[in-house]
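Consider the two complexes below, in which chain A is the common component and chain B and chain C are the respective partners.
Coming up: the complex of A and B.
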């Protein structure tokens, strides 16, 4: 069982020539995620969502605090879906998939082809990223993250650059593939509807990188954005979001 | 491993088909635009030739095409072309070799970047025509002048583009690799080296295009053979048809090298055909 344990995580970026002030991205975040749950990290711009994900992925160092991402006591394998697909332009779709695999074998190729088929891209495995649309490239990015059979899946606003229709289709797809694999997932978004549709739990961050609220979402899957129950939870989350904004505006230091 | 393909939603398949259709239509639109562009260019040429300048000053396209055909099928075309091509290849090779070394030096050393930056600004500021005349004075009417001038003029530009390619490796790809647990050596072979190869191919392409232009210009002043010399001869005998025919042949050669040599090389290295174009299409 995968566990993400975050204790008093702080990240401060030093001043740079282009931005001569230090920036506090995270201000003491503590949380834990255990088991096969889908957690959405929701917050406005500047609340440190991406920084949190990067530190969990191990590609950024925290200024203070600790993160443990383990599977049965050993470091967990992480799969990352970025905001933009980040494919190697000189490799075909299939080769991009295989790049993240530790072993190169017929079996890994079959697995790559399987995950491509899950995102409806079997026919384009031989093409190069530049020959695909943005939506197709992002689907390769999603398939690639699942290919490494991650214990923990990290997703950083993967649909934020998509048009509404494409984003909706991909959300449907993600719900199904997640229901199939049940990976521990940390999903960053600023879209309340997206968070309610996908997550079992919503962690709300306020500007400055402080956890404001932790909201459970106990709804049956699959969920549709027009379900009454989904809309009711969305309204409740929005209400709490408003109260967070009010708290920020009036200087409430609630945690 | 038992695969359950039933999880693939139909909606995703529909989406694929729609995206592919959009991509194909966009490619056809681009091709139609190219054809219309060429037709418009030839049309404007005819109008200027027939109604504005007169056929003496600006012969119509079909006359120039006939003259070009005569040049190609006549005696001496191969020798003339080879004389220029050899200078271009040597000039280009010299420029590219120097650029790779200097590009690496300025990519990784601030001191050299400062020093070569000054020299680059100096060389870029010298008018090419002055260098061509200088080559005539220094080397006389020979093949050496055009070669060295081409190498000298192309090197600063190509060097900058190689250095930019080397320093401009997409940091996000490295972060992606790290997040998937790729080792340092895997990142070097999987990301850094391919990125550098692209910079070198881009530099070769730029060096070739510059070397062609500069070699021809220098041949006009300082050579007794080659395409540039033929253009000068046509000009001196007021043979506008011949001048335009040689110019058209020059453009044709550039087109052939661009599309059948460098673009193919780029395709092999970069994968997707017409990367920038396809990227633009995909974001529409």
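Coming up: the complex of A and C.
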């Protein structure tokens, strides 16, 4: 069973020539995620969501605090879906899949084809990424993340660059493929409806990278974005967000 | 554990996204076809040449040049004891050219990888390579001749020194232009070092490398000719100079023509094809799909 344990995580970016002030991206985030759960991290842009995922993925160093991502006591295999598809433009779709595969064999090719079929892309495995629409490229990104047989799945606003209709159908793909594999998932988004539709639990971040709420979502799957129950939770989440904002603003005025 | 093994097929997921529709090939009018434009350029050149010949007697006529070429190629007599020579000088020059490139292209490529991939190497080497790049090949020609005297070393060195900066500059800028997001992606998926080097670095910079090779080949051919002209007693450059010194301008022009033909053929038959292949992924039209997907 996979566990993500985050303790008092802080990230401060030093000043840069273009922005001569240090930026606190994460201000002491703690959370613990265990088992086959889908957790959404919800926050406005600039609240440190990408930074958080990059640190969990081990591609960025925290300023302070600790992160442990383990599967049965050993470091967990991570699958990452980025905000942009991030495919090698000069390799075919299938070769892009094989690029991240940790074993090379006939089986790995079969698995790559299997996950491409899961996202409805069997017919385009031989094409270059530029030949696909943005939505199809992101589907390759999703299939790629599942291909490495991840213990933990990280997703960084994977649908935010899509138009609403494409995003809707991609969320559907993701729900189905996730229901099938039930990987421990950390899904970052600024879209409340998306968080409620997908997650078992929503962690809310505010600017400065501070968790201010942790909301369980106990709804049946599969969910549709227009289900009344989904809408109700969405309203509740928005209400909490508003009260957080009001509190922050009120605090500002008193200073 | 493997999910593909559990589920060899996934019929419920495999709603295929329609069939790709390739764009209809557009008909190009024959006056815009490359062969027509090339033929037109050659025709204009010949007309201008013939005109120059009519106004200046030192410019040889097309006829004189062609018949000179015939003698030179066939090994016949140019009058007196002088005999036609073509394959001898050509094979000597080609040998120098190939050896020089066989050293210069990989060395330049390696420098390009280092400069593009490592900040430390960049600060040390970048300016050196730029200096090499901006110095005209004439400088190499004279320097190499001074250092190595008459023989095959000077032309080979000149070819190397010309090829290196073209390779290094093109390859390093190709690598520096790579999307850092792709490196981060490779980090996140723990892609092994070797696969990363071949698929990310080489794959991404391949089209730049081919452009570098193309420029290196063309420019170092010029360097070779200049060194042979001024600093050797063999090769095609020397042969052109020989006729120039003998005031046989039809011979001089004939050899210049051969140089041009050589480099043009090389470019058409080899280099452009390579370049086209290496940039194939950029040239594909985006396909539209019959699926209800808005893009």
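The definition used in the following text is that the second predicted complex is superposed on the first by the 251 of 255 C-alpha atoms of A that agree within 3 Å, B and C clash if a C-alpha of one lies under 4 Å from a C-alpha of the other, contacts with A are read in each partner's own complex, and residues count from 1 in each chain.
We adopt the following convention: a contact is a pair of C-beta atoms (placed from the backbone, for glycine too) under 8 Å apart; a residue touches a chain by one contact, two chains touch by 3 or more.
Keep in mind that this is a model prediction, so the values were computed, not measured.
*Asks:* Specify the outcome, clash or fit, for chain B and chain C once both structures are aligned onto chain A.
*Replies:* Once both complexes are aligned on chain A, chain B and chain C clash.
*Asks:* Applying the touch criterion given at the start, work out whether A:137 contacts chain B, chain C, both or neither, answering first, second, both or neither.
*Replies:* first
*Asks:* Return first, second, both or neither, reflecting whether A:241 touches chain B, chain C, both chains, or no partner chain.
*Replies:* So A:241 meets neither chain B nor chain C here.
*Asks:* Which of the two partners, first being chain B and second being chain C, lies in contact with A:163: first, second, both, or neither?
*Replies:* After superposition on chain A, A:163 lies in contact with chain C alone.
*Asks:* Have a look at where A:38 lands relative to chain B and chain C in the superposition and call it first, second, both or neither.
*Replies:* Touch status of A:38: no partner.
*Asks:* Quick check on the superposed pair: does A:212 touch chain B, chain C, both, or neither? Answer first, second, both or neither.
*Replies:* neither
*Asks:* For A:187, decide between first (touching chain B), second (touching chain C), both and neither.
*Replies:* The answer is neither, since A:187 touches no partner chain.
*Asks:* Could you name the one stretch of chain B listed in 40-48, 94-102 or 130-138 that collides with chain C in the superposition?
*Replies:* Only 94-102 shows clashing C-alpha atoms.
*Asks:* Across the two complexes, find the residues of chain A that touch chain B and also touch chain C.
*Replies:* Chain A residues touching both partners: 54, 57-59, 78-80, 82, 84, 86, 88-91, 99-100, 102, 107, 111, 114, 117-121, 123-124, 127-128, 130-136, 148, 154, 165-166, 169, 176-177, 180.
*Asks:* Would you pull the chain A residues touching chain B in the complex into a rising list?
*Replies:* Chain A residues touching chain B: 54, 57-59, 77-80, 82, 84, 86, 88-92, 99-100, 102, 107, 111, 114, 117-121, 123-124, 127-137, 139, 148, 154, 165-166, 169-170, 172-173, 176-177, 179-180.
*Asks:* Would you tell me which residues of chain A are touching chain C in their complex?
*Replies:* Answer in residue numbers: 54, 57-59, 78-80, 82, 84, 86, 88-91, 95, 99-100, 102, 107, 110-111, 114-115, 117-124, 127-128, 130-136, 144, 146, 148-149, 154, 163, 165-166, 169, 176-177, 180-181.
*Asks:* Which bits of chain B are touching chain A when the two form their complex?
*Replies:* Touch residues, chain B against chain A: 1, 3-5, 7-9, 11-13, 15-16, 19-20, 22-23, 172-173, 175-182, 190-191, 194, 198, 269-276, 278-279, 281-283.
*Asks:* So in the complex, the part of chain C that touches chain A is made up of which residues?
*Replies:* For chain C paired with chain A, touching residues are 1-5, 7-10, 13-17, 19-20, 179, 181-182, 184-191, 195, 199-200, 203-204, 206-207, 280-282, 284-289, 292-295.
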